[in-house]
Every structure is written in C-alpha cells, then in structure tokens.
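Alright, structures below, take your time with them.
Both complexes shown next keep subunit A, but they swap its partner, so subunit B is in the first and subunit C is in the second.
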Partner chain A sequence: MKKYWIIARGIMEETMTYRLSFIMWRFRGVLQFLVLYYLWLALLPGNQTLFGYSQSRILTYVFASTLMSAIIFSTRVAELGETINKGDLSNDLLRPANYLLMWAARDVGDKLMNIMFSIGEFTILFIILRPPFFFQSNPFFLAATVITIAIATILFFFINMLLGCIGFWSNETWAPRFIFTILLQFFSGGLFPLDILPKPLFAFFSATPFPYLLYIPLKIYLGQLSFFEIGKSFFIASAWMIGVYLLLKIVWNKGMKLYTAQGR
Partner chain B sequence: MPAITVSHLSKYYKIYQKEPGMLGSLKSLFNRKYQTSKAVDDISFSIEEGELIGFIGPNGAGKTTTLKCLSGLLYPTYGEVSVLGFTPHKRKHAYLKQIALVMGQKNQLWWDLPAMDSFLLNKEIYQIQDKQFKKTLDELSYLLAVKEFLHVQVRKLSLGQRMKCELIAALIHSPKVLFLDEPTIGLDVVMQQNLREFIKEYNQKFNATILLTSHYMEDVKQLCERVIIIDHGKILFDGKLADIVKEYAGHKLLTASFEKKIDKESLRAFGKIEEYEPLRVVLSIPRDKSSDIAAKLLDKFPVEDLNIEEPKIEDIIRDVFQKNKL
Partner chain C sequence: MKEITRYAKIWWILTIGTTQIAFASRFGAAIFMIGKLLRFAFFLLFLVVLISKTHSLASYSFWQVIFFYATFNLVDTLPQFFLRDVYRFRYQVVSGYFDYILTKPFSPLFKALFGGCDVLDFSMLLVSAGFIGIAGSHIGVVTIGNAALYILLIVNAFLIALAFHVVVLSMGILTTEVDNTIMLYRDMTQIGRFPIEIYKEPLRGLLTFIIPVGIMMAFPAKAMLGLLSVQLIILSFVVGFLLLFGSYLFWQYSLRHYSSASS
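Right after this comes the complex of A and B.
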C-alpha cells in the first residue's frame, strides 16, 4: 500500500509547487460560498422558514455542502482523458500496480490538500460570520453521514474515471466533462437543497446518481431523512456505485484494446 | 529458449482523415473517413538472452509500434508475441517487474519534483529492498555521473541530465529486458557517447537483453552486433551488421590520387564517378571486379595513391530504404 501513499504524497508536494494556482482555486471556492451564503441570508430572515428550511438549517446546508464538496469532488481524475490522449497513460500501464488504485491515490492526495485548506478557511469564516450553525449530535445520523460521504466519494470517482475513458475514443474529452460539471453543480444539490424542486422533477432526479453525491449526505447530517429514507438512499447509491464500477471495467478493457500510446 | 519471440506480428491503426480547411472540419463532423494503416505488417524474429539488438528504420517504419507491442502497451492486431515466457499485453505484474521501456521523448519522472522522489516511488512500486535499492542507485548514479542533481526538481534539469535520470528510473528495478526507443535523441555528441558506453556496460554486466531503436547509425554501429532493419512495417534485413555490407553493397569505393591532372571523361570507363577533383577521384566499382579495375587504373594513369574501401553503412542502409520506396 505504501506505493499508493507515495503517489498521494507526490500529488500534495506537486500542488504546493503551484502555490498561486492552488490559492486562486481555493479563493474561488470561498467566493462561491460567500455568494450562496449571503443569497440565502437575504432570502430567509432569522425567524422564518422557506421550503421547510429555517435560517440555521439552510446556512448549515450551505456551510456543510462546501466542506463536503472538498472531500467528495476534489479530484485529479479530470486529467485522465488528456493523459490517454497524450500517451502518458503508458507510464501507468508499464508499472506493476493497479491502475484504479493509482488514480484513487492521486485523488486522495488532491482531497487531503483541499480538505486541509477548507478546514482552515472555514474556521476563519466561521469566526467572522458567526452563523447560526446546526450541530448534529445524534450518533446514528453522524455515522450515516460518514457512510454516505464514503459512498458518494467512490461513486464520484468511478463516474469520473468513466468520463475520462472517453479519451480512448476521442480527443475531445472536455466537452462531455463540461456538461457533466454543470449537471453536477445543479443536481447534486450544491447550489440549493433539491427538495425545493417540484415533486415530479425531484422524483426523477432521485433515480439519477447526482443527489447521492452531495444532497443526500447533507440531508442526513441535518437529520431530515427518516430511517426508511436513509436505507433506501444507501441502497440506490450502492447500486449506482456497483453499476458504474462494472461499466467502467468493461469500458476500460475495450479502451485498452484501442489505446495507441500516441504522442510518439 | 529465446528471451523474445515474435511470430507474424501485425499491428494496424485506424486513422481518421480530414480534408484541409474549415469546410473539411465541418464535413468531418458528419462524415468521417477512416483508413487502415499497417504500422507493423507480419514480422517475425527471435532474440536470445543477453543480446543487444539494433532496430533501425526511417520515421514511421514501425519500430516504436513493435517496441510498444513487446512491452505490452498495445494489443497486437494479429500474431503472437512472447517475452520471457509472458504474453506482454496481459501485463502481468510478474512480467512488468522484469522489463523497462525508455522513450527518448517521453518522461515518467515527476516533472515538478526532484528525480529522487520518482526513484522512491519506483522502489515501492517494484518492491525493491532498501539495501538493493541503495546498491543499484549508487551503481547507476556513479556510472551516469548524476549524484549532484538527484535532488533538483526535474523541470530544472538539462535534457541530458533528465535523460540520465529517466534511465535510472527505468533501471532501478534491474530489468532483464530493456526496450530503448531513441535513447540518445536530442543529446549532444559527448552525452551520446556516455550513454552508449553505459548501455553497453549495462548489457554486459547484467546480461540484459536490450532492443534499441535509433536514428543515429553511430549508436547501432558501436553497440549492436545484430540489427533488424524495418521499413513500411516489414523486416528488410535481420542479421549481423557486417553482413549488410555483403548482402546489399554490390560495389566498393575506390579512391585514387594522381601525380598530374586527369581528364574526367577518361575515368568514366572504370566506374561510376562519386567525387572528382583533377588530382583525385572516388569511383564506385563492382565488388567482384575491384582488383581488375585497380590494376588497369595503375597501368594507365600515374597513380600516386590508391585505396579500396567498403561503402559506409549509412549509405548502404539509405540505399536499401530508397530501393524499398520504389
């Protein structure tokens, strides 16, 4: 396992050599958070509720969603398509190591950097803004939150790998990824809680993987899902995780037969 | 048992063709034409353990594709490949641990970190013991004289320094089979020579099987006894370098210096004039008649000095490729 840790550590060191880019990236996240925070603060005065959310719950939602995004969505797999196109995947293929674990290790490195920084940023923001934050104390909800975050992280990783595999067939891997990012931002619940959508639309999205990436873990943290609903989400999210993994296996093996190790 | 056996290997690529210009790009959105390119077309050869073989051919001849098939990066379209008893494209870890592929224009080193970090990663990936790692690293860095820049960011190294570090990264697990694709490309003459000496030493010291491609004939001349010449995906020649001369050079080069000026026209009867100055001529003459022609020349002209040589290997190979084009 040590080899994978060295890969993760290398990614962290690499991130630190591009300090300015990384700081700007973090700054962008803080700005995005502040916009959402003040938007909801303006929409929802202290003692009212909107779509069933009190001010403290919605602000907690915004805070926690930004923190969870750092864990779930920080990734290096976005580079996979380009790595395939440039022929740099050859380096991975020549190594006696598992390709999925190598990419997972890169993600872990990226996630650790982002988590460390976001914790720092949010401590500062928390002290300055002093929001009415809802702390979940029920151990059941906390444990369920951790499990759903883990499932979401793995599911997101597999989806991301699958998107990267487009590189085996096409040089244009950014267009589908761009669309995916927009869908992701919207339908994972990063901008607003999904249950404020009309019921049929919400039901439709509940069948897609998107809500399980962010919205569901957040709702569980806020203690707003019943025991039954939590069980159902575990089931659907795990089914997606296994389904996407199996698809990835098939697509990867097909792609490998087409891989030309270009660039030379 | 040979270390490498290749039988009837073919690798075809599908290439997408686009007409030039904006209109061509638009058309290609809806209707793409593909063409099959035979990068490697039915080649067979085998290599014994410890051999150092030169793989030569012009750009696009199929050299790199063959190396990629042998190292397991590509699935062959047809044919069988076996290296150390493994089927390369299955990429079994036990196989990958025994080989290395070095591409002169590609790097495996971490660009933003010192080369040492990449070596340490390979140490873990190839599961090398601490003691063995230290020993190999010491040996390699001594042979390549790189000790002082192992801890410098790779991006700050010169091309030559980087190439040396690439080699160390590729050899740190002491591979038994080594595929070198243009290892000396872009390096200055001194560095090329250093690298050649290193490759030779590695081959002898570890009895490693090495397959090397290069554009520089000098690499091949100095390192390889046996060469495989490939063009348009087919093998044109497989044998000892010295045999190329016998097989392909139907002529020799005769150089004569004269005591007084000799008319160019009067020399034409003796052979094809390659170079001419009034006091000196280089003639290309049929191999089997070389002594007759020399005797006649000595008889007819006031010859001061006469020399018969084999043509240069570079020239012979160039001729082979040109003939193949026709």
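Right after this comes the complex of A and C.
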C-alpha cells in the first residue's frame, strides 16, 4: 500500500505547487456555496416551509452538500482520457502497480487536499453566517450517511474511469464529460433537493445513479428517509456500483486491445 | 474607419479558423451544443418548479423571472461567443506563443480578446433571444424607450464583461493563472441568474456596485420593466466606462512587465 500512498502524497504536493490555481479553485467553491445559501435563505424566511423543507433543513442541506461534494466529487480521473490520447498511459502500465488503484490513489490525494480546505472554509463560513444548522445525533443515520458517502465516492470513481475510457476510441473525451458534469450538477442534488421536482421526473431520475451520488446521503443525514428507503437506497446504489465496475472492466479490456500508445 | 475595416477582416479570418476547428469533430461540437442547451433547459425547469410553488420571486411574476433569466443567458453567452480566445490565453503565455503575437502588425489585446468566435455558443444566443422575445411579450406594456434602454444596457454589460476579460488577460501575463480566474468571473456572474432583489443587504449592494453583476445582469431587465431610475442608468454607464478604462490601464501595466520567460 505504501506505493499508493506515495502517489497520493505526490498529488498533494503537486496541488501545493500550483497554490494560486488551487486557492482560486477553492474560492470558486465558496462563491458557489454562497450563491446557493443566499438563494435558499431568500426563498425560505425563518418560520416557513417550502417543498417540505424548513429553513434549518434546507440550509443544512446546502452546507452539508458543500462538504460532501469535496469528499465525493474531488477527482483527478478526469485526466484519464487525455492520458490515453497522448499515449501517457504507457507510463502507468509499465509501473509495478494496479492501474485502478493508481488512479484511486490520485483521487485520494486530491480528495484529502479538498477535504482539508473545505473543513477550514466550512468552519469560517459557519462562524460568520451562524446558520440554523441541523446536527444529526442519531447514530444509525450517521452511520448510514457514512456508508452512502463511501458508496457514492466509489461509484463516482468508476463512472469517471468509464468516461475516461472513451479516450481509447475517440479524442473527444471532454464533450461527453461536459454533458456528464451538467447532468451531475442538476440531478445529483447539489443545486436543489431532487424531491422538489414533479413526481414522475423524480421517479425517472431515481432510476439513474445521479441521486445516489449526493442527494441520498444528504437526505439520510437530515433523517428524512425511512429505514426501508435507506435499505432500498443501499441496494440500488450498490447495484449501480457493481454494475458500473463490471462494465468498466469489460470496456477497459476492450480498450487495452485497441491501445497503441499513439502520441508517444 | 479604414482601421475598423481592417480589424473586422482580421476578426472574420480568425473566426473562420476557429469555426473550422470547432467542427473538425462534428460529434464533439454536437455534444457541446446539446450540453449548453440542456444546462439552459434544466435551470429553466428549476425556476418553473420553484415559482410554481412560490408564485413569485422577490415580487417578480413568473414571466418577469423568465425574462431576467433569458437576459442573464444573453449577457452570459455574448462574451463567451466573442471572447473565447481568452480561455486559450494561458497556453499562449506559457508556451511562448504570445511572443509571436506581439510581433504581429495588430494589437495583441485584440488578438487575445477577439481571436475567433466560439460558433458553438451561437445556438445559445438564438435560444436566449427567443426566450427574451417570448417572456417579453408576457411582461406587460413595453415602451420603445425602455426597449432602447434595454439594448443599450446589454451593450454596457458586454463592455463590463470585456473589462473583466482584459483584467483576466493582464493577470495571465503577470501570474500565468487564467483558467481559474476566468471561471471565477463566470461563477460570480451566475449570481445574476436570479433577480438581484432576492439577495439581502449588504450582499445586494456589493453585487450591484462592487462586483457589478447587478448592473450587468439585472439592470437591463429592470430597465425594460421600467423599474430603473435615471440616476442608476447614468451610474451603469459610468461604471462601464470606468471599468473598461481601468482594465486597459492594467493591461498596459501587465504588458510592460511581460518577461517572455516561457519562450
């Protein structure tokens, strides 16, 4: 495991080398958070409810989604497509390590940096804004939140790897990723809780992996899902995770047969 | 006049080049255009869902909110359509290509800003204009004066966006950081997707006068609705002029400090 930790540490050091870029990246995150925070604050005065959410629940949703996003969505796998296109994948293949774990280690390095900074930002914003935050104290909901975050993180990693594999067949790896980012932005629940959507639309998106990436962990943290719904969510998210992993294995093996290290 | 024609010809040649590049992969071009339209549609859906429950937003009716959103999209897309080369500027600085541009017999600032349109944004301009027309026909009586003011304030918003892009280019020369700075500008302008009145003071004042997102995104729509005072109209143009002038001075400063270290 030591070699993977060295890779993760390398990513952390690389991040600190381009400090201004990273600070700008984090500042953008804070700005996006503030837009959402003030939007919901304006829509939902203190004693009212909207779409079944009180002000305290919705502001907790916004705060927690910022923190969870740092854990789940921080990634370096977006570079995989370009790595394949440039032929740089050959470098990874020559190393005495598992390719999947290498990319996972890069993600861990990136996630650790983002988590550290987002905790700092979260604390400062919490002190300044003093929101009516809902602290979940039920150990069951807390444990279920942690498990769903772990599943979401792994699922997101596999989906990202799968998108990167497009590089084996096409130079256009950014265009499909652009569509994915837009779908993720809206249907993972980062902008708004998905249950405000009309029921047929909500049911449709519940069948996709997107809600399991952010919305479900947030709903569990807020204690708004029943035991049955949590169990069902575990099952569907795990099924997506295994399904995408199996698909990734097939696609990767097919891609490797085509890979010619073109560009080297 | 002769000089304007010359620059118009240069712009046209550069735009043909970038358009050919954009359509080199028709699949990629189609996906990007679909993505942009989806983003517009999804946010529209969010607004529709929101207002169907609240019935109004900051005392604006449904169609007025849609008018604000369509105007935001127009003001947001115009700089992306015309100033797309700014997004490629970092590479030009770190690779030394900018040295080559400096030797050309035209303004390097012109090339850095207007180095070719992004034709993939054209569909979004049409959609925005279409929604402005549809929403505009539902917001009540619109006078010719208000409509003219609306167009002038859109032009002013473009000039403010231009000023921001010049600042980003100047920072790119001084620090080689462009990508996150330009995205930071984009994030800031996203605040204007909603009428600025939904934000509380002092944030609202900050967004209007310090980071003039309000002037860019909300003032044109407010002028169309007849809700903007003469003082604020004058202030908008003064802010636009000062920002453009200030950004040009910053560009000249950064150019004097360009070290050509990467070439």
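Definition applied: the second predicted complex is superposed on the first by the 263 of 264 C-alpha atoms of A that agree within 3 Å, B and C clash if a C-alpha of one lies under 4 Å from a C-alpha of the other, contacts with A are read in each partner's own complex, and residues count from 1 in each chain.
Just so we're on the same page, a contact is a pair of C-beta atoms (placed from the backbone, for glycine too) under 8 Å apart; a residue touches a chain by one contact, two chains touch by 3 or more.
None of the values given here were measured: they were computed from a predicted structure.
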item: First (subunit B), second (subunit C), both or neither touched by A:G10; value: first
item: Partner chain in contact with A:F202 - subunit B first, subunit C second, else both or neither; value: neither
item: Which superposed partner A:S90 touches (first subunit B, second subunit C, both, neither); value: first
item: Touched partner set for A:F234, first subunit B, second subunit C, both or neither; value: neither
item: Contact breadth on subunit A, by residue count: subunit C or subunit B; value: C
item: Partner chain in contact with A:Y245 - subunit B first, subunit C second, else both or neither; value: neither
item: Touching partner for A:T260 - first (subunit B), second (subunit C), both, neither; value: first
item: Subunit B and subunit C contact sites that coincide on subunit A, given as residue numbers; value: none
item: Contact set on subunit C toward subunit A in their complex; value: 25, 27-28, 31-32, 34-35, 38-39, 42-43, 45-46, 49-50, 53-54, 57-58, 175, 177, 179-181, 183-184, 187-188, 190-191, 194, 198-200, 203
item: Residues on subunit A engaged by subunit C in the complex (per definition of touch); value: 20-21, 24-25, 27-28, 31-32, 35, 38-39, 41-43, 50-51, 170-172, 174-176, 178-179, 182-183, 185-186, 191-192, 196-198
item: For the subunit B and subunit A complex, residues of the former touching the latter; value: 13, 64, 68, 71-75, 91, 93-94, 96-97, 99-101, 103, 105-106, 108, 110, 112-113, 117, 120-121, 124-126, 153, 181
item: Residues on subunit A engaged by subunit B in the complex (per definition of touch); value: 2-3, 6-7, 10, 13-14, 17-18, 87-88, 90-91, 93-97, 256-257, 259-261, 263-264
